[in-house]
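Next, two complexes with subunit A in common: one pairs it with subunit B, the other with subunit C.
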Partner chain A sequence: MGEDTDATPTLNHRGFLPDHNYVTEADIISTVEFNHTGELLATGDKGGRVVIFQREPESKTEPFSQGEYNVYSTFQSHEPEFDYLKSLEIEEKINKIRWLPQQNAAHFLLSTNDKTIKLWKVSERDKRPEGYNLKDEEGRIKDVSTVTSLQVPVLMPMDLMVEVSPRRVFANAHTYHVNSISVNSDYETYMSADDLRINLWHLDITDRSFNIVDIKPANMEDLTEVITAAEFHPHHCNLFVYSSSKGTLRLCDMREAALCDKHSKLFEEPEDPSARSFFSEIISSVSDVKFSHSGRYLLTRDYLTAKVWDLNMESKPLETYQVHDYLRSKLCSLYENDCIFDKFECAWNGSDSVIMTGAYNNFFRMFDRNTKRDVTLEASRESSKPRAVLKPRRVCAAGGKRRKDDISVDSLDFTKKILHTAWHPNENIIAIAATNNLYIFQDKLNSEMH
Partner chain B sequence: MIMKGQKRKLPPEDMEDRSSHFWESQRQFVFSVSLNKYQRSQELPEPSLRRSVLIANTLRQVSLEASRAPSVDWEVSQSHYSSPSSLLALSSVPLVPLSNMSNCATNVHLPVKDEDEDWGSMSMDSDFSLSASISSILTALDSTMDAGPRTPLRSLENLSAPFEGGVAGMRRGVGECGDQQGECRAGSSYLTDLTVEDLFQDIDTSLLEKDMCVLGLRGGASVASDELLRYLPPLSSVSASQPFPFSLNQNFKCLPSFSSFSPSSSSSSPPLSPPFSAQNHVKEGFELEHLMEILVES
Partner chain C sequence: MEVNAEARRILAVSISKLYASRTQRGGLRLHRSLLLSLVMRSARDIYHSSRESEGPTPEEPMETSSGAEDEQQQAGLPEPQPALVSSEKLPEEPDSAEEECETTEDKENLSPTRQSRKRRGKASAAPDFLPSKRARLEPGEERYAAPLSSCRAGAGDSLTALSLNRGDWIPLRAEELTYIGQSQDKGITGAMVRAVRST
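Up next is the complex of A and B:
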């Protein structure tokens, strides 16, 4: 990874809105997700829209040119709503998108805003019936007297049309803001988690859900912890994990009880007393949790680190990776400007050997678990040209030795944050959301995972 | 250079003073920033629960650490608090866990006549009051679902009890979306000014005037506090450092919207058409503010 030439990523840049120089708030990408084959990539934005990209099949003329992602479909998933009881507007921002495994020709995805989850069907239409007896080509009703013979309508090819239709709307089940959705491996159920509760749904039933976790205290004054993320185990349909703002992970088994408030396993790293500060709790808040593809490990992200946990070891993480430890001395100012509350996501590669997460200044980091090497890369228009190899970046602590092209901590742009990243399920292709731009990087030389 | 006969100072003590001064200044910085953040987030229509909980926890931690380090320079902390925060934070009250304090917590921001004299005894109290104000901040969370013995909200609590039962029943099996709706309104008022309702249930100025004398008392903490609670419910969850009239104005901002869901939220006040009730409430509110200003000046 990083400096090795055999695994240098190349850039295949697809700007989300390449011609715009300004950032429209509604265009800020809020979630990125590959589907299970990696053929489709969905992004959701603050304006409630979903854009799906499709990978072009590899062209036979250029065997080394991997398929590029082009826009496949765009639709408005959620609209701003008004809650009349509380006189509050419900944001249409898409918080999460999760694909369902493909079972027929159509693709299904779940998208959610703060309150409502929707199931969308994405299907292609490339044929249409022609030769109606009662309608003419434009659809106008024919005069019956002109019909002299009958014909059977036939399906003729037409230009490919992608149709998106809402199939289910799962509403009114969350008092608090939905932060996660996760499809179960049984392909029948899924869960949605808000700050205090997790609900279990059946994909076909919209008017009811089961509450499986409720951490709301009887007295809200006693509230000190909220749920920050939740995910089902990739293989065991009875297991799921949820993370909290206090840095704990709870693995729950749905077979044990209907209400899974009592965890089966509690993963918590004891606090290091020497590193204690006023912000210890805030920076320990887990912003994302992801099972490895194998189901054996958990990847969590808190403000300064990414941790890999072994499901069999609750006492401490297996590995801890410092994402941007140079910020540790700046926590006070980061608290003041609210950056300390940023929720970064994290991702595994297909073989669970590399983990990736975002940082500030449009930097993102990858850590190879086997070689223990890491790299910092930048996702920005200026530093990347199409087909150019990404140059590793370095952040030097203030006062430290400074090499050419190094960025000093004080010149980091904290408004440019990479919160959402995704990794192709099989290949070394990554999608990085940088504010309103989407970057897709491919590892040209080693396209298959290793 | 140590003169003969003079006691040597232990070096570790010296270092501790220096670092504790830095620590204290950082603590105060964190405290003031947290307070500001919390207030600003309260002004938002729907603040993020995670953020609010983290800020509240930080505030709590900051105040607990301050009380754990009495060697800290009290002058510094005194100057920081421009007005005494709570009259319930009396020197006779021992430091109790926040959850216990929540029931007697109040944000009565009425300054006492002899505040300057009592400042010495108030210095320890400033952190109790801090704890009190923090817990009252959290009190604003979902107050309708509380089972607490706060009189002004009793009618409200009775109304919300069926919802509570409904929630419990939901856990065992199927969740009705209707119940969620009801809970929706109450449930996410974590940071809404439900205390506005309190204002209008107890606008009895005669009682207020009577209790002004009570406020001057420094002893008999818990009894006085209950009495106070009855007549002066928590007016807002705004911090200690905010002057009273300001926090009232904050409450007024949400008057129209509050009255719009009055049918289930209050059994005592008749459902009014929103514009009329808004005017009415604002008028009453301004009267109260005027009254408070008078009290402050006296």
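Up next is the complex of A and C:
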């Protein structure tokens, strides 16, 4: 790909004590999402908080500080709850954030934990009225007898204040854990998906939702697959896709039936019998699915690969990219240390020419679909000094020929995993969540998409 | 046999994971539990198929539910009991993960005259990969095979049993899983997994 990626300084070091390398669990970032213009970047964490970053407008005087993201607002989205009926604690961890397209001066986003989705309004206040007749500057009621003339209150500028308020709470619609939310292109509805069901909501109505997919078997013992991710088509408001733990994708058309249990298209790659192992089912489970911006392709991620599917071809993926195939022989250890259950996300760039996904050791990978070149980069404090260029990394298989700076499979740090990544909708700016740190990288050489 | 040993180890690890997931914050994860049960099923299948290919050790399928006759048969059986595995020695595995499973002593089954009312399936025993911290049995005393009915909770919606059908020898009840270890009798070792109904 040939791009040099610059690093902006690491943001958001909350909870990271350099001496002890101790990370507060509540600070672990659990979701990252740019808004539709890329001006705002939202992150959610395990403690139920949302932090929104805003891109500074470019200034001609300091060309290098343009485009940096600074904290815009922080708020507590979800709190831990307790389901008394089932004696279960409901985690406050934010599973997903999705922005609504902007329709007025305020910004809206949906955030969800395992059970409840909330719509938040983020608005700015930079003026306030001054010159009331009946109140003084501190708000105390004036003695009427002292008022001798009338004045019209005037709006005066004030320090910018960002206000966040919950506008809707969509609760009690999911028995299982919500894994995805997706806003429809009609800007009126959105869907939420849990392990077995997908519900369709209207953004203005919180006491009702429509169930559009239900794969719960009559007898839970017959359960063979669960829903792992779901997304609406970017342009066709009647189409959506959901992925399953069996590695299949189903495209559904809401015009066909009220309950979309029957898919319109089923995308499935036949299993390679020679690659069968104890863990074949686990590694074929799709952890994320994303439509391309064009709506023509689907990007899926399973444990070892990322695949691009053409909506017109159900029999097999168009392209398969090996993210970290060197782990294939280590699946048993990864099963024992639970890493095999990690759910990696994936992302398209704005022009759908490059895909990106995370891996271990704070590595993340980018694949250029056109040139077929790929690169492995590391998100770490050492490599992210301001204006440093990220150096491509290489993992060599055990016993293989080793170059300087290569890292061997056995020295990979599996506690440093990059599960959540996001790509700016128009520019070559990426956001990488590495445990509790957020890294934002920009490709200065190729800042426009091509 | 390599595959055999690996299958047993994977089964042990899976059971301990399933058990540990009960206490996870946020409740049982359906997806994770499903994947665990799939791994256990393939490990079990591979284990059995590799054992069968090793040589005929006929396991008497105990499909019926009358526990009484099972116990009487056990005394007279020259073959290893269906509840027990073949004469492999239990490896001493200092696997700390598995020791998590050893929560309760199997007090209920200490009496040799206990009539199990639970169905026994084929090869009801989990093989001898589980660690050996069990009460020593008196000579002639037997441990009794695990109940193998797939346990289903009453409340439909919460995750309950992901039981492995067709053989049913490791019932998986997501809520409560304890296991009882091997019995050592005449050099035959075995270990069993027992599902306990939550009270």
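Keep this in mind: the second predicted complex is superposed on the first by the 425 of 450 C-alpha atoms of A that agree within 3 Å, B and C clash if a C-alpha of one lies under 4 Å from a C-alpha of the other, contacts with A are read in each partner's own complex, and residues count from 1 in each chain.
Throughout what follows, contacts are C-beta pairs under 8 Å (C-beta built on N, C-alpha and C of every residue); 3 or more make two chains touch, one makes a residue touch a chain.
Fair warning: this is a prediction, and the values are worked out from it, not measured in the lab.
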(request) Based on the superposed arrangement around subunit A, label subunit B with subunit C as either clash or fit. (result) clash
(message) Just checking: does A:147 make contact with subunit B only, subunit C only, both, or neither of them? Give me first, second, both or neither.
(response) neither
(request) Report for A:175: first if it touches subunit B alone, second if subunit C alone, otherwise both or neither. (result) both
(message) With both complexes superposed on chain A, which partner does A:199 reach: first (subunit B), second (subunit C), both or neither?
(response) first
(request) Would you sort A:257 into first (subunit B), second (subunit C), both or neither based on which partner it touches? (result) neither
(request) Tell me which partner A:335 touches in the superposition: subunit B (first), subunit C (second), both or neither. (result) both
(message) I'd like to know which partner A:161 touches here: subunit B for first, subunit C for second, both or neither.
(response) neither
(message) Is A:207 touching anything from subunit B or subunit C once the two structures are fitted on A? First, second, both or neither.
(response) first
(request) Have a look at where A:134 lands relative to subunit B and subunit C in the superposition and call it first, second, both or neither. (result) neither
(request) Considering only touches as defined above, state whether A:389 meets subunit B (first), subunit C (second), both or neither. (result) neither
(message) In the superposed model, which partner reaches more residues of subunit A, subunit B or subunit C?
(response) B
(message) Given 7-15, 241-249 or 259-267, which part of subunit B has C-alpha atoms clashing with subunit C after the fit on chain A?
(response) 241-249
(message) Residues of subunit A that sit at the subunit B interface in one complex and at the subunit C interface in the other, please.
(response) 83, 86, 88-89, 175-177, 195-196, 220-221, 223-226, 228, 245, 278-279, 281-282, 285, 332, 335-336, 338, 341
(message) List the residues on subunit C that touch subunit A in their complex, please.
(response) 6-7, 10, 13, 17, 25-27, 29-32, 34-35, 38-39, 42-43, 46, 97, 150, 152, 155-163, 165
(request) Over in the complex, which subunit A residues touch subunit B? Could you list them? (result) 83-89, 171-177, 195-196, 199, 207-211, 214, 216, 218-226, 228, 245, 258-259, 278-279, 281-282, 285, 332, 335-336, 338, 341
(request) Quick one: which bits of subunit A touch subunit C in the complex? Just the residue numbers, please. (result) 83, 86, 88-91, 93, 114, 175-177, 195-196, 220-221, 223-226, 228, 245, 278-282, 285, 332, 335-336, 338, 341
(request) Would you pull the subunit B residues touching subunit A in the complex into a rising list? (result) 26-27, 29-30, 33, 37, 45-46, 48-51, 53-54, 56-58, 61-62, 65, 98-99, 102, 135, 138-139, 141-143, 145-148, 170-177, 180-181, 183-185, 187-190, 192, 254, 257, 260-261
